[in-house]
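A, B and C are the chain letters, set down in written order, and residue numbers restart from 1 in every chain.
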Amino acid sequence: MLIPTSETDAAYIIRNAAAEGKALALCGGATRAGFGNFGQPAEIFSARGLRGILDYDPAEMVMTARAGTPLAEIEAALSGNRQMLAFEPMDHRGIMGTSGEPTIGGVFAANVSGPRRFVAGAARDSLLGVRFVNGKGEAVKAGGRVMKNVTGLDLVKLLAGSFGTLGFLTEVTFRLLPQPPAVETLVVSGLDDAAAAQAMAAAMALPVEVSGAAHLPLTVRHRFVNGGLPEGAATVLRLEGLSASVEVRAQKLAAVMAAFGPVERLVPEQSLLLWRQIRDVAPYADGTTRPLWRVSMAPSAGHQLVAALRLEAGVDAFYDWQGGLVWMRMEADAEADLLRRYILALGGGHATLVRAPDAMRSTIGAFQPQPEAVAALSARVRQTMDPAGIFNPGRMGVI
Amino acid sequence: MSEAIRFLAPRQDVLSRRAAIVADLADLLPIECLVQDARGLAPFETDAFVSYRRVPLAVALPETTAQVAAVLKYCHRFNVPVVPRGAGTSLSGGAIPQEDAVVLCLSKMARILELDYANRTATLQAGVTNLRISEAAAIDGFFYAPDPSSQLACTIGGNIGMNSGGAHCLKYGVTTNNLLGVKMVLVDGTVIELGGKHLDAAGYDLLGLVCGSEGQLGVVTEATVRLIAKPEGARPVLFGFDTCEQAGACVTDIIASGIIPVAIEFMDKPAIEICEAFAKAGYPLDVGALLIVEVEGSEAEMDAVLDSIVEIAGRHAVKTVRQCQSPTEAALIWKGRKSAFGATGRIADYICMDGTVPLGKLSHVLNRTAEIVESYGLRVANVFHAGDGNMHPLILFNANDPEDAARAEAAGNDILKLCVDVGGCLTGEHGVGIEKRDLMRHQYSAIDLAQQMAVRAAFDEKWLLNPSKVFPLDGRT
Amino acid sequence: MQTSFTPEQLEDPQVAESEKILRRCVHCGFCTATCPTYVTLGNELDSPRGRIYLIKEMLENGRPADEETVTHIDRCLSCLACVTTCPSGVDYMHLVDHARVHIENTYRRPLSERLIRSLLANILPYPARFRVALQLARLGRPLAAVFAKVPALAPLAAMLRLAPAKQRGSSTFHPEPEPGSRTGPKTGRVAILTGCAQSVLDPGINAATRRLLARFGVDVVAPPSGEGCCGALVHHMGREEEALGFARRNIDAWIGEIDGAGLDAILVTTSGCGTTLKDYGHMLRLDPLYADKAARVSALAKDITEYLSTLDLPVLESRRLSVAYHSACSLQHGQKITTLPKLLLKAAGFTVRDPAEGHLCCGSAGTYNILQPEISAQLKARKVANIEATRADVIAAGNLGCITQIATGTKIPILHTVELLDWAYGGPKPAGLDSLRGKDKAGPVAAAKI
């Protein structure tokens, strides 16, 4: 295991590995180590030795940290100033059965986001600048520390979500937001998936700034907030902001939602717990390796996909609408081809196999195969960043 | 015409084949979609960065993605450079052609293809203007958030090329945060789709890479963008201060307090006078600096946020606070702000800078900017997006005096270097274009640039797409 | 924008003026977005910014106009939407006027174009000739379809199609007081431009104007002899000397009245003419004999709605009739009159609706619908669709050109703003509104309250 403690060390290790053609398994805290394809065997190369917040001026709402800084350390520093990472990074340990400390670099390398996705963006939208070492062992800077920056190509976006296949992140600079002083969650009960989709679309069209919307069907609702949700399937809507304003908006939203079904509100503690559980896909943190899909598609098509699949396979699902996701746990086979075919037929999107038994993982591409021209382009891009192909080879599929 | 910035030398082999190339293009396009005679080409020689001009070889005005693909395939095969263009409103010269290039102008592809409210998306042809998206969605209570000042005229394709921002980006982000998918044509004519109505990339975030790539990675012909429900209400409020320092410090304190208004715009005295003369928006003329702070939401929310902001402004000796009384008045306030650059044309020629600096450096950079411009014997007006530190000093000069023009350019370069030196960057939302190309080395090391150029070459190995822009001409890979 | 004129070139006052205008342009491109031809054709060359560039090149090089330049300048409607939009204050109107004169002086058009232009210039401004031509056009109407198939004859087809099947309204000036005139002291003394085409096509508009003014105690003088076409028609064709001739004749006709009993205003009910009247001062600024008189006439020129707004008309009970207000370009862009007509209509009890894209021209634009029938037809379709989307009962506009153009594209009745006002304040119900029975609480009731 290689754990460099400086960017210079990291560059040195990479240069040597490139010269020898030796594969490296780039990671942070390795809490998402099972994400993606098996890839080739490689020596673990972790950023966890690069630790510490380098610059944090709360007034600027920007932080720079070394990539291996534990997420917990970052969040502790932020909450002291009533600030937060707006994109609510999901914790994968529950569903993947891993331990260890998620790092801030890992969060960005996997572009991990949560239910505030539509209003506050994904991790990639908060990431302003990076330093990384490319596959030639060169330290490269991209982006900066100001929010608006179109100086040259946006390599920052490219690095976000590249799962350590393009560069070894050493330093990340990201944008922060103030914590909302008040949170309110409305629960509309008893809707089927199709009605819930309509209700959520109606909620989102209102000028009330819904910052989270999810539909938790009967099969999963009891696994949230210790079974404390009202009877029936739960369609949940989150409002955040100044307390006076949240209250006004909650009343407005409740009035409109009443046309769909009975509306109740959660107490604040329940509310915080609920959205953390939605973020972390709590219902499927079940200690199993049953196949788990993360489906990204147009929200209005989500329930159609699930309905179509149910006719042919055992599937359990819930919808994180504002995260733009459908989470699906398959009861037996992963049904990769069927699922991906339906996604295309329903207007496009993609499915990522987040978890599965090893036998399935070795035969199914974790990432949805891309059209030929896009795949070729991606391969060429990777070639420029990691010409020797030593960074997590095979993890993102052919590239 | 200033000549401080070089263009690539035109490819003689392309110039010598001009007649044949034009004849071939005529086979690929309907007759009204090709401009080829000298008179007709001249008006395409520049964009809103008028200091530089190059008459192109030909201008293609395709009506379909297939025509775009055909032109690109042809140009790729015969090594003819291509400069993509939308409405030609770039302030950094992003759409200025070169003599050996075919301009691929997407202004005829201007249809709104779909407004999908269930999924909160709009799908558009690249030539649709920014403002039209919001106008089309307004009746159903939605809008498209990024709002560059030129939003009336600039196209979504151009916005993607430059990752355009605008006043309201403080809350809603810039183009890249609002773009969900594109249909684009690669340099060899291959048509690909990136993203769609879903939120995340399937593999590498190539969409994020394409956004802001200034027409160097391909030509976007269609885009899917995010629509947002219009807030219940929005209120711009004017805060007048005696000095720029007070206004600057007030901005820093507003953001530090945890309040994020939708927009915080800054105007200094010259800018206030220019904008008031055009828009008659009722800006106070007896102040040294003006902030336009916009809040939105319900009445209760706006009142609460405004109370806090007024309290903060009070700590900075605010001189006037004016709330607007009607939507008409609000529209005028924004009309004045958004017309600031053009309205400056009433008093002088200008070049518009676009550096971004950390908020804490705002006052320092404003002071230094004034000193720098004065040292060149010129005048400056400042009107910019203060909330995110995106400065737009307008350096005033006389375009008919070559020495004056050269001084203005030199002053601009000094200001941009200053922005980088205090921890900011060369360009917030206008792009590098031709204007800031040679300053890229000030912000990036040779290795940083080499990595960017290598990625660029992965899309366009022969460097045919908008090749004179963004990257310094020497040391290209 | 940088310009390159020699000192010798700048000695020509026209060139000097154009140079000043060009220097203001910063090439920002805002104007492209509101230009009807750019929005329709998507080509920079058919945008104001493109035309400014073409004109700049032509004038800087002092060269004769060429086909490419003429094509794109001919496509300009002179709607002046760009002038409203331009933040830099580029005076496009006078720049394109200059270019048109330059074209007329240096460019020889193909025979068919010369014939049609000469036909228009020699008929439209002269009511007697125009009346005869209209009779012939009605007879020739069936030929329109045939002409339309030959590109060079397309303008003829357009012309035949525009000729109304029957004349709208009728009335000439009567020296005796209008029925219902208020007696007692007069609130004002005004002249109304009789003009040319409108007096033939729809004399009812001026008749309604006289009735309405009389009812509010305004003295309308008889049209002085010699008054006629304002010159806009030939002015927009670049026939500068002819245009100035019309202007001088009108100035001579009015100046006697102004210097005699005095005039409070010269009212115009065709806003296209109004823009030109208001520009007489500029057009004749270099004519030492007329400059001063022209400026005085321009200062008195008022659109009818401008003048009515000064009269403080009473607010009437609202009626169920909805009016889509079509803002003529010459009013909203040329004269910057945008809200006054709508306020008058609202005060008179109508529900006013604003069609989308109100800044876009309907494609009439003087003789444009004859000379550029294809673009004109596209703009008309777009305009009519936007108007019909308002689901209004009736359309109001302040310019006969627009009225004629839009009427050929929709079944919704279209009237001059002043005709609706006259009706609301006690005048006869305008023809064409018969289908709206039940929606029109009668005018006389309202009139009784005055």
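What we mean here is this: a residue touches a chain if its C-beta (ideal position, glycine included) is under 8 Å from a C-beta of that chain, and two chains touch if they have at least 3 such contacts.
Not measured: the values here are computed from a predicted model.
Asks: Which chain's centre, taken as the mean of its Cα atoms, is farthest from the centre of chain B?
Replies: The chain farthest from chain B, judged by C-alpha centres, is C.
Asks: Please find the two chains that have the most C-beta pairs touching each other.
Replies: By number of C-beta pairs in contact, the leading chain pair is A-B.
Asks: When the centre of a chain is set as the mean of its C-alpha atoms, what distance in Å lies between chain B and chain C?
Replies: 38
Asks: Hey, how far is the Cα centre of chain A from the one of chain C, in Å?
Replies: 61
Asks: What's the distance between the Cα centroids of chain A and chain B, rounded to whole Å?
Replies: It comes to 30 Å between the two C-alpha centres.
Asks: Show me the residue ranges of chain B that touch chain C in the complex, using the header's touch definition.
Replies: 1, 32, 35, 37, 39-40, 42-44, 46-48, 50, 59, 61, 87-89, 105, 107-110, 127, 129, 131, 150, 152-154, 278, 339-346, 349-350, 399-400
Asks: Show which residues of chain C lie in contact with chain B when the two form their complex.
Replies: By the definition above, chain C touches chain B via 1-3, 23-34, 38-39, 41-45, 49-50, 53-54, 57, 66, 68-69, 85-90.
Asks: In the complex of these two chains, what residues of chain B are touching chain A?
Replies: 116-121, 140-142, 162-163, 165, 169, 173-174, 176-177, 186, 190, 192-194, 196-209, 211-213, 216, 226, 229-232, 252-253, 255-256, 258-260, 297-298, 300-301, 304-305, 356-360, 385, 388-390, 423-432, 436, 440, 443-445, 447-449, 451-452, 454-459, 470-471
Asks: State the interface residues of chain A toward chain B in the complex, per the touch definition above.
Replies: My answer: residues 57-62, 82-83, 111, 113, 117-118, 121-122, 124-125, 134, 138-142, 144-158, 160-162, 166, 177-178, 197, 201, 204-209, 241-242, 244-245, 248-249, 252, 296-300, 323-325, 347-350, 367-368, 370-371, 373-375, 377-378, 380-385, 396-397, 399.
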